[in-house]
Amino acid sequence: MAEVDTHIEFDPLSTGSLRRRITSKAIIYGLLVLFSIYYLAPLAILLMNSMRPLEDIVRTGFIDIPSSLSSQYWVEAWGTFCIGGTCEGVSRFFMNSLLMAVPATIISTVLGLINGYALSKWRFKGADILFGLITLGVFLPAQMTLLPWAFVLGSIGLSNTISGLVLIHTIQGLSFTTLFCRNYFLAVPDDLIKAARIDGAGFWRIFRRIILPLSPPIIIVTVIWQFTGIWNEFLFGTVFTSGANQPITSALVAFSGSGTGVRAYNVEAAAVIMSALPPLVIYVVGGKYFVRGLTQGAVK
Amino acid sequence: EPKTNMLHQWAQGSEAAAIAKLGEMFEERGGTWEQTAISGHTSNTLAKLRSDVVSGNAPAAVQLKGPEIAEWNKTGRTANLDDVAEAQGWDAVVAPELTAVMKPTGNWVAAPMNIHRVNWLYSSKKIMDDLDIEIPKTWEDFNTACEKVIAAGKICIAHGAADWSDTTTFDSVVYGMDIDLYRKAFQEADTDAMRSQGMIDAFAQLRKMVGYMDDGINGRSWEQSMAMTMDAKAAFFLMGDWTVASANAAGYKEDVDYVCTQTPVDWGGNGFILIADSVVFFEQKDQDYIDGQKLLAETIMSPEFQVTFNVAKGSIPARTDIDLSKGGFTQCQQKGLADLKASVAEGTLVRSLAHNMTVLQKFRGAMMEVITEYVADSSISPEEAANQLADAVEIQQ
Amino acid sequence: MSSLLISELRKSYGSVEVLTDINLEAKPGEFVALVGPSGCGKSTLLSLIAGLEDITFGEIRIEDRVVNNEAPKDRDIAMVFQSYALYPTMTVRENMTFGMESRRVPKAEQNREVARVAALLQIEPLLKRKPSQLSGGQRQRVAMGRALVRNPKLFLFDEPLSNLDAKLRIEMRTEIKKLHQNVGKTTVYVTHDQIEAMTLASRIAVMHKGLLQQYDTPKVIYEQPVNRFVAGFMGSPTMNFLDATVVKEGKGLILAGSSGEVLPLPEGKFTALQQGQKVCFGVRPEHFSPASQNRAERVGGISVLVEAHVDMVEPTGSETILMTTISGQTAIVSCEPDDTPEQGERMELAIDMRKICLFDPITENRL
Amino acid sequence: MSSLLISELRKSYGSVEVLTDINLEAKPGEFVALVGPSGCGKSTLLSLIAGLEDITFGEIRIEDRVVNNEAPKDRDIAMVFQSYALYPTMTVRENMTFGMESRRVPKAEQNREVARVAALLQIEPLLKRKPSQLSGGQRQRVAMGRALVRNPKLFLFDEPLSNLDAKLRIEMRTEIKKLHQNVGKTTVYVTHDQIEAMTLASRIAVMHKGLLQQYDTPKVIYEQPVNRFVAGFMGSPTMNFLDATVVKEGKGLILAGSSGEVLPLPEGKFTALQQGQKVCFGVRPEHFSPASQNRAERVGGISVLVEAHVDMVEPTGSETILMTTISGQTAIVSCEPDDTPEQGERMELAIDMRKICLFDPITENRL
Amino acid sequence: MPDSNTNKRSVTQLIQDYLPQIVLVPTVVAMAMYVVVFSLWTLWLSVSTSTLLPDPSFGGFGEYVALWKSKRWTVAYQNLFIFGSLYVLGALFIGTLLAILIDQRVRFEAVWRTIFLYPLAISFIVTGTVWRWIFHPQTGVELALHDMGWLSAQFNWITDRDLALYVVVITGIWHASGFAMALILAGLRAVDGDTIKAAQIDGASMARTYRRVILPSIWPIFLAVAVVLLQFAIKTYDLVVALTQGGPGVSTTVPAIVVYDLMFQRGQIAQGSAAAVMILVALAVVLIPYALYMSYRRRGEENTHG
């Protein structure tokens, strides 16, 4: 497990003449700024339009200097905007999403850790085949699984419930979490496990005392990956839940559809930002660890 | 205690408000109202319905249209409303064009909520006045008018391209040029008719009309297009009567900002392309929900609801026994009802292809693909388009 | 009684047999070194003793009890790994108590044990640190501490020193030796460094390709290797092997490529040799000496003189290594710095004939 | 003319000075070894010579041209790295031609060069392979090949052998020595293995904490280290340092803890010593010998006898290391296997007094 | 004769021994259902007579024929390959460029990295919606340019059937290139610094060093990123729905949209399933060679170690 950040990299630009160094730095920062504009533009546009009066937007489009700014659309979006026949804003869908994403993330991560541990550190006959089966799950298109899931949810009485979505996302996520964790644990020296076995520790004790304390980097990766994936997924949410039970992304799908009635773009922009906020915060806060963990786990 | 849970796609705006009214009335009558509003694409609603049926939780009531009703009826899972219908005498009051749809095999399985008219032409009063244009009655008039508008540097047709809106326009074109062709091709899915010269002519007319549009049609919503005409940026807008509700809600005035007339017809007389929103009932196990279905059906068919709902939605009631001069109906709506009656009398009433009132979804979808491609791709010739239309349907047969 | 008794042991991974018919016995208190080149199966054998892998065939007894089917924790062994395998998230103290906790040893006893071992290894100041805060040598010591706390019946070491640099390796080697003399536990010690094996072990097991080549004391292994592999593997610089032919009815040798000088063999040692037989003549670098300083004769041995050309001189400080050519064959000679000739010189070398070995060039066994 | 001339060189990373006032000169064809413990700045110095890092202060000249501000590629040097740093995705041939391609050397010449170097290093059969298909020794050779193709003015090696196992290291060491003798290029060779430095270098630069301690021939470094650090660093096992007091007006020593025996110092060597002065008495392990085999006297030296207690015996095969106690101070003694005493024995040891060193216990400089 | 197979272990011992397998049982059951049963179910539906609802009776392979005769499907499948390759290559290219820029010891590295990585947190729906606003001539850049007085400015790719697919590609790249950047950057950091020094001494320019030495040596990362992105590409649905709804015409339709429409809007479950199977085929085309290659490589590695 190479520590990515402590690596003292060689910097070809630190030698050579001063002028060359200055021009190359200028080019580098220039390019970075250009790219940043490309990357930040959508966020900036969303943010700006979430505070512009609707007339402005309708008249001059989304890209314009706002004539006035107001936070009222945010209040509306959170509390009173009409979505899916009720006018309570996105607040309760937001809560639904939390209720769905948090448990599904936790369960799939925990199971992924255990699976990855069992598959990588207790290699038994057929472990590779099992692993192959599990990874196949990563690639199944969601549209294909809609009807079978409907059948399954119906038969176990979880139609139109958040629990049903938790179940789906957990099982779908297992593939990813197992893949990540297993690859990550491959880098944990087998000798540690051997030493612990000689020390008299069993399967669970080794997991708890040796593996788990080593896992934070990969836990961060799976949590971020799962949470954003589940939070942003809309097809299952749309099809398997309705009304008050919908997660926020599904509730906001109205955006893309050919809904009728006048569009309150500013309120929608505010709602969209709200809906994107949790994954965004997670990425901004955990991005560094995400990248580090990902390279330790995924790229093998 | 009657309960219901209605699945529909009117998630926003005036439509959501209209459906909320239904809920209120249902509750006033002692029911417990629940609804599942699926926003966005129609596929989402249908996917929801399908998954509910597959999972064994078919919704008590679903908003469905046209031949789909018959299809679902065939699955044997729809509820029979004959008792309510008989008690309330639906056969007498429901527009005859609708009864066939609501009773696919002779039994009532659906309750119609409204009748929408598709073939409306909205003209910008200001442009008409400024350029001194008569509102066109035939397609030739229409083309002449457009030339004039274009010459004046304005956009002639406001349009937002999408398969359904392109097809909405084409509905009017085919219907206006040859009503028999419309019936054969669009209601009976007769592929010979689709290959006929009449269809080629219709496509040629459509091509002309695309030329009268600006190049911003892709990705534009129908509300934006509507506003273009209302704001006198474009001369004409071809769209169903839901426009009226939206336009009025947005503060535009009938006969001030816009004028509504039927889309051009080359054969003279009154024409009417119809859509009816309706609610289909699926069989339930829970007695509360069975009771709820009866109550909901009664509520929907009640004159009060028909009035409230249709005022909000811009359409006209599915019951023919309602006086539109009362209760806040607009002039356009009243004109619509009059045209409907005239059309029935003249035998020119048809159902809309674009809005899923004629052929099965699989044919309709295939046909809409061809039409929307034709609108988007000017390299396709009318002949090719006519053949593609027929081919697309033949594949699905 | 024997502390460890391995009989007819075999181990296969799938169709590949990595250990073939191993028989090995360790007396109580013995220090057994397993040496052999990389991949010869040393670690595998250790894993089998520890119970970390399943035995394919054969039997392992620890203190006369068959342990074939016992879990590692029930075998009462301790193991030190090449990578130390310290639990990275635990402190040194926790590393040491982890095993006792698993076995539910009372807290008080745990503390007593840690104190005892920490004192023994002088790691008291480190007890609160994490492994990442330790130097290589300290980690090594902690790893041993972890093995020592439980007072097991058998110690297993898998190349415990090979991650240390040269100087530290020598220091720790001595420490391990002291420790073993103090604690007196039976130990099986895997290494591929033959000097470690020589200095530490009471007996050395030399392995090659899954087969046990020789199992004997360091002295016997060094002086009477059973075959050319063992002879070449033990000793640094490695033993020189020169082609030769037996003459004088088995009483002398002629080096291939020489102008015919006969090297007389010591009496009574190589009686089975046939006239004209081809042999491989093995001489260790330190058994050459400059004729002027004839070491062999000095200590009362018999020696013969050969002429050598010095191709290269490598002074290491305490000794000097000469690359030489003798009768057209290359030979490495080690000599004292004071005796060092110049590069390119011709010199007379004395060979200590008591110490030489002869091998069959085909079977490679010692004659 | 000198091939490399370093004057008053300093290097800091931020506020940390890692190289302080380094002066070093290499004559054409010289083989300079840089040794020192880990972190002393060896690699940094090499990077400065190569131009991979900026110089903080001072001057570097290659063949009398100041190169301070030249890019690495313009300095006409070649470098071999510890990790070999072969380009993993290129074949051996491509690895060797990459530099020439960068310099737009004509294809024909490239082929000629590769052929020449491949023949020299006997790597022709490997030319089509990727580095991952090579063994450690082969990679080493290819890395050298890459350095050789361009016929540079200066060769830089950064611990080229430290990734190899003991046996291979010795072989490759000899190869490098041969190669240098063949090619005759000026070479700067970093290692922390003092034996490598001793055997290879024409001059050794011993570094410690960013300071150059001593720069001289191997013989001088080994026999006349300037201070205790150099003395301890060079030589394995390391030099013994015993506390002692000067007596007899500077002509004798008494070991601390001894019962008062005076060890006479050789005449004329330590004239500056004061009566009663505390000194640190340094003796290398090989300069002890059992009294019975008094090596020193044998070669005509002067020796004194001391009594020692044998604490431990470590036979390595070719020699035997004894851990002993002399007057209560521990000393490591190396002796021949035949002279090996038993553990626990008392014995008389002869010290070769010509070879001893004395250090000031405070400044640690040699007296 | 000693026999290691005499098994005298107790039941608890057995459970202990098989614990690794036992803990995997729930996952294996779930995945077997999810992967095997669901796939077979779809496969079966694709040759059944299902229409509105699943119907298990066999209906032959007609749906596959009909599917491939449909223009929308062929366009969608073709788009998948165009979009897939441009998206993957584009994201890799931009990602590499960004990684190289950040690798030059820039200041505020974390800030740049976050800027480039955050799109990954944004759902495709939102991504598509916002970019539609930007690209649409009546709301976005073109309008802004007109408002600024540049009346002849034209930026209507999204409404041009020949260019709209590239809008989807650009948007996809916006979303994914940060991911590529992050992994490649980590790869660059892990490259042996000595090889870079060696290249400098060998006289290679910086560009040449990256091109010939550094980037080639991290190709496994490129491969891994490419596979992750390709499976995103193949599953692409929400992005297109939100951005172009498959239009103008059918010019930007992708298979996942067709599947969804066939299955749910049009009530052609059999044909929809056939389309889904074709997506699986596309996936297999990508994944099977990758899997084979990886196992080949792993075996190769084992051999060189052994």
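Each chain gets a letter, A, B, C, D and E, in the order it is written, and its residues are counted from 1.
Quick note on the criterion: contacts are C-beta pairs under 8 Å (C-beta built on N, C-alpha and C of every residue); 3 or more make two chains touch, one makes a residue touch a chain.
Source: prediction; values computed, not measured.
Asker: Considering only chains that satisfy the touch condition with subunit A, which of them also satisfy it with subunit B?
Answerer: Correct list: E.
Asker: Write out the two chains that share the greatest number of C-beta pairs in contact.
Answerer: A-E
Asker: On a CA-centroid basis, which chain has its centre farthest from subunit C's?
Answerer: When every chain centre is compared against subunit C, the largest gap points to B.
Asker: Quick one: subunit B and subunit E, Cα centre-to-centre, how many Å?
Answerer: Computed value for the inter-centroid distance: 39 Å.
Asker: From the C-alpha centre of subunit B to that of subunit D, how far is it in Å?
Answerer: 93
Asker: Could you tell me the distance, in whole angstrom, between the mean C-alpha positions of subunit D and subunit E?
Answerer: 55
Asker: Can you compute the centre-to-centre distance for subunit A and subunit E, using the mean CA position of each chain? Integer Å is fine.
Answerer: The answer is 15 Å.
Asker: At least two partner chains per residue is the criterion; list those residues in subunit B.
Answerer: Only 41, 44, 47, 50, 54, 162 qualify.
Asker: Which residues does subunit C have that touch at least 2 chains other than itself?
Answerer: 71
Asker: Two or more other chains in contact with one residue: find those residues in subunit A.
Answerer: Touching at least two other chains: 10, 14, 146-147, 152, 253, 255-256, 258.
Asker: Sort out for me which residues of subunit A touch subunit C in the complex.
Answerer: So the residues of subunit A touching subunit C come out as 189, 191-192, 194-201, 205, 209-210, 213-214.
Asker: Could you pull out which subunit E residues touch subunit D in their complex?
Answerer: Those residues of subunit E that touch subunit D are 192, 194-195, 197-205, 208, 212-213, 216-217, 219, 304.
Asker: Quick one: which bits of subunit B touch subunit E in the complex? Just the residue numbers, please.
Answerer: 41-44, 46-47, 50, 53-54, 68, 71-72, 74-75, 161-163, 215-220, 224, 360-362, 364-366, 369-370, 372-377, 388, 391-392, 395-396
Asker: Which subunit C residues qualify as touching subunit D in the complex?
Answerer: Where subunit C meets subunit D, its residues are 38, 165-167, 170, 173-174, 177-178, 181, 192-195, 198-200, 218-219, 222, 234-238, 284-286, 295, 299, 312, 314-319, 321, 323, 334, 336, 338.
Asker: Which part of subunit D faces subunit E closely enough to touch in the complex?
Answerer: Against subunit E, the touching part of subunit D is residues 47, 50, 52, 71-73, 77-79, 81-90, 98-99, 102-103, 132-133, 146.
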